[in-house]
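A, B and C label the chains in the order they appear, each numbered from 1.
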Amino acid sequence: MRNSNHVSSIIDQEIIRKDQAKGLHNLIYVKDLSLWHGKQQTLKNVELNIRDKGITVLLGPSGCGKTTLLKTFNRLSDLYPDIRTEGSIFFEGKDILSKEIDVYDLRQKMGLLSQRPQPLPGTIAENIRYALKLKGIKAKSEQDDRIAHYLQKVALWEEVKDRLKSPAGRLSIGQQQRLCLARGLAIEPRVILADEPTSALDPISSRKIEEQFKELSQEFSIVLVTHILRQAKRLADYVAFMYFGEVIEKGRPDVLFEDPKTETFKEYLFVGH
Amino acid sequence: MTITKRLSHEYLRKGWMQVALGIILLLPFAIGLSLLYKAWPLLAPSGLIDVLLGSEWSPMQGKFGLWPFISSSIIVSLMGLLFMVPVCLSAAIFITQFAPAWLARSLRSVIDILAGIPSVIFGLWGVMTIVPIVGDLATSYGAGNATGYSILAAGIVVSFSVMPFILNMLIELFESVSIELKESALSLGASYWQVIKDVIVRKLKPGIIASFTLGVSKAFGETIAVLMVVGNVVQVPKGLFSAGYPLPALLANNYGEMMTIPMYDAALMLSALILLIIVIFFNYIAHKVIRYYHARI
Amino acid sequence: MRNTYIQEKVAKVILAIFTLLIVLVLFSILGGIFIKGLPALNWEILTQVPKGGYYFGKEGGILNAIIGSVYLAIGASLIAVVISVPTALFIHTYLFSFPNWQKRIRLCLDVLWGVPPIVYGAFGFNLMLFMGWPTSLLAAIITVAFLISPVMIRAMDESLQQVSHGLFESAVSLGFYKGEIGYKFLLRQTLPGVATAFLLALGKGIGDTASVLFTAGYTDYIPESLTEPAATLPLAVFFQLSSPIPEVKARAYAAAVVLTIIILTISISSRFISKKLSKNKIA
């Protein structure tokens, strides 16, 4: 019974009830999700739950579909007219993939941190101010307060407080990425989608981002895409291993990494990337 | 082939490459100097300012005030710019951001074909289509010159004849924006249109300004198409519907008598020199704009 | 939220309308010229030179202008190729590791590309007087060659930039001379680009009026040597349109149709060639 929202939503209700009985709190439910780029299938019947709070790591070799999955969560897949999906993703009781969803609303609940830092043209302050404006915060004083707040939250405030009016592009790559994180937080999301956020950074900046993720995971659900095994081990509260568009194994890291069930995952763990 | 033979062939190749490059690098200077040399007899006695800002044009009396022509040129190109900006920006955004692939492809062919259309055909089109429309407009506004051969007609024609060049530059610019930047901005909850106007256009501002600067410079030098519709009356234009006489038209219309009236050739060569200087100046501005913003972003 | 949605829709419609305007202009140009020009077009016009009384609406045709344009375009493009190919290759071989020089040359090309045809015309005229040539096919060919060389070099330069640096570097390490690499590898690799550059310049050469106004010296006869004056199609359009006699005016449109067809053929075949040739590249 693929792609029948009605049936899926009943399943959804049941699962939520069961989860809650077990003391689990899930935020996103991916149900039998398949996705095609034109004729090529990039996601195959994906089943996955994303925890409320904590870090869920999507792990796998490059090209396995983890980024695609991540970007369907906030419907960036809409950008590509040749993408077609089947199945559903439930979030706050609604199917994200349905037509009735307000994507702008949805995207403000799911902040994205991309592979390379993407500062908007303009100053450091303007980068965050733009997010605040989109959130509907118009008063200048409140904007300024929040800019300071979010910059502090990503530990960038001390470094940039004297040059808020200088172009964001002048920051170091690591600082830019933290600025982008602050900007993402400014829209007050529930979920942070992070697409290999440290892959363009130097080791020190990477460590800073990772530390912030640890902290933020107390407040937010973080979905982290990575192909770095050690990063997954360091950060994950929950892991899904993807291979050629399928979620092959998933579970808690202590269990999963100690006792891989499939040959593919064993090999992946052995090779180490 | 022996080594010596190969080597001597290589020297030949290199030699000719250097000669060819030399020709190209010297060309701007050759053009500039030859025009300056010819214009000198007029410049030396009367002084640059008098010639540039003088409004009296009567070659037989030896009066060569170029201001009517220069002012016509400025007004026509600015008018061209006025029409160019909205159309080119819209089309570039539509083609690169909104149009489905098949439509974008056919629209780009349209631009390519338009880019190949000779100036004289644009002029012909102006005479057939634009001049009558402008003439009707002029009549209904009760303008003094109701023929339609006017600054306005020239502005419209020149804007379309220059458009393909600018569009090609703009399209290349808009395509240079990474999809990740768009995704990041969209992820903040912006609509696609907001992303375009707040992020993409803002990011590309220096390139956009530079493109239009080059566009104005092209419009300045556009000769035949403008000449065919602008009316060619020696006067400082007094309104949209009044006729004008831009610099290139001056050159093109009078080259025949150039050698018959004393100093006439100097005046015409000076107007060519002015055109050259303006073009170099605009190129310089375009480069500066990009530099300036690069330093700031 | 709903507000932004409406904004986006409205913006999209406005953008589409402006884009449509460009398409309409193209159709209005082509349509207008064909509607006015086709009725005046006939076999006689295409195969005869102007006869006595032609400019009063009597017999004759524009063969002089057609042949003149063909001679001019071929001559100018050949000279332009001889200048452009070596220059473009030099930038990418001997100047491979001199980015500053590459930058300067490109700046110079940008300036030359922007110089209006009429200025080339004035320069060509000066050159002609300096060399002691008469107004002639030769003077026109040289002028147009100067006009289109920058166009050609820029287009070639662009396609040469697509070639990976690895090709040049590995060829150097194999012991080829830089010029050899240019002509044997780079040129072959960018053949479609070179062909389109050639056609682009050819089209510009055929279509340009202002640059040859001073130098070609319009004539009713087909030039038999380089030192004779020549007519061209754009000049034929331009001069005949200014005639008050309707028959002559109509011939301006007929000449415009011929010119447009030639230009369209060139631009379509350039697309075709670039598609066709890009299939047999090395690697």
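In this text, a residue touches a chain if its C-beta (ideal position, glycine included) is under 8 Å from a C-beta of that chain, and two chains touch if they have at least 3 such contacts.
What you see is a predicted model; the values in this text were computed from it and never measured.
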Farthest-lying chain, centroid of Cα atoms versus that of chain B: A
Dominant chain pairing [most C-beta pairs in contact]: B-C
Chain occupying the most central position, where position means C-alpha average: B
Centre distance in Å when chain A and chain B are each reduced to the mean of their C-alpha atoms: 49
Distance between the centres, which are taken as Cα means, of chain C and chain B, whole angstrom: 17
Chain centre separation in whole Å, for chain C relative to chain A (CA means): 53
Residues of chain A touching at least two other chains: 104-105
Contacts with two or more other chains, residues of chain C listed in rising order: 4
For chain B, residues contacting two or more additional chains: 190-191, 194
Touching residues on chain B, where the partner in the complex is chain C: 6-7, 9-10, 13-14, 16-21, 23-25, 27-28, 30-31, 34-35, 37-38, 86-87, 90-91, 93-95, 98-99, 107, 109-114, 116-125, 127-129, 160, 163, 167, 190-194, 196-197, 214, 217-218, 220-224, 228, 248, 251-252, 255, 268-269, 272, 275-276, 279-280, 282-283, 287
Interfacial residue positions of chain A with respect to chain B in the complex: 71, 74, 76, 79, 81, 104-105, 107-108, 110-112, 114-116, 118, 120-122, 130-131, 134-135, 167, 169-170, 180, 183-184, 187, 193
Footprint of chain A on chain B - complex, ascending: 100, 178-191, 194, 198-199, 202-203, 205, 296-297
Chain C residues touching chain B - in the complex, by the definition given at the top: 4-5, 7-8, 11-12, 14-19, 21-23, 25-26, 28-29, 32-33, 36, 82-84, 86-87, 89-91, 94, 105, 107-112, 114-123, 125-127, 130, 146, 149-150, 153, 177-180, 182-183, 203, 206-210, 213-214, 234, 237-238, 241, 252-253, 256, 259-260, 263-264, 266-267, 271
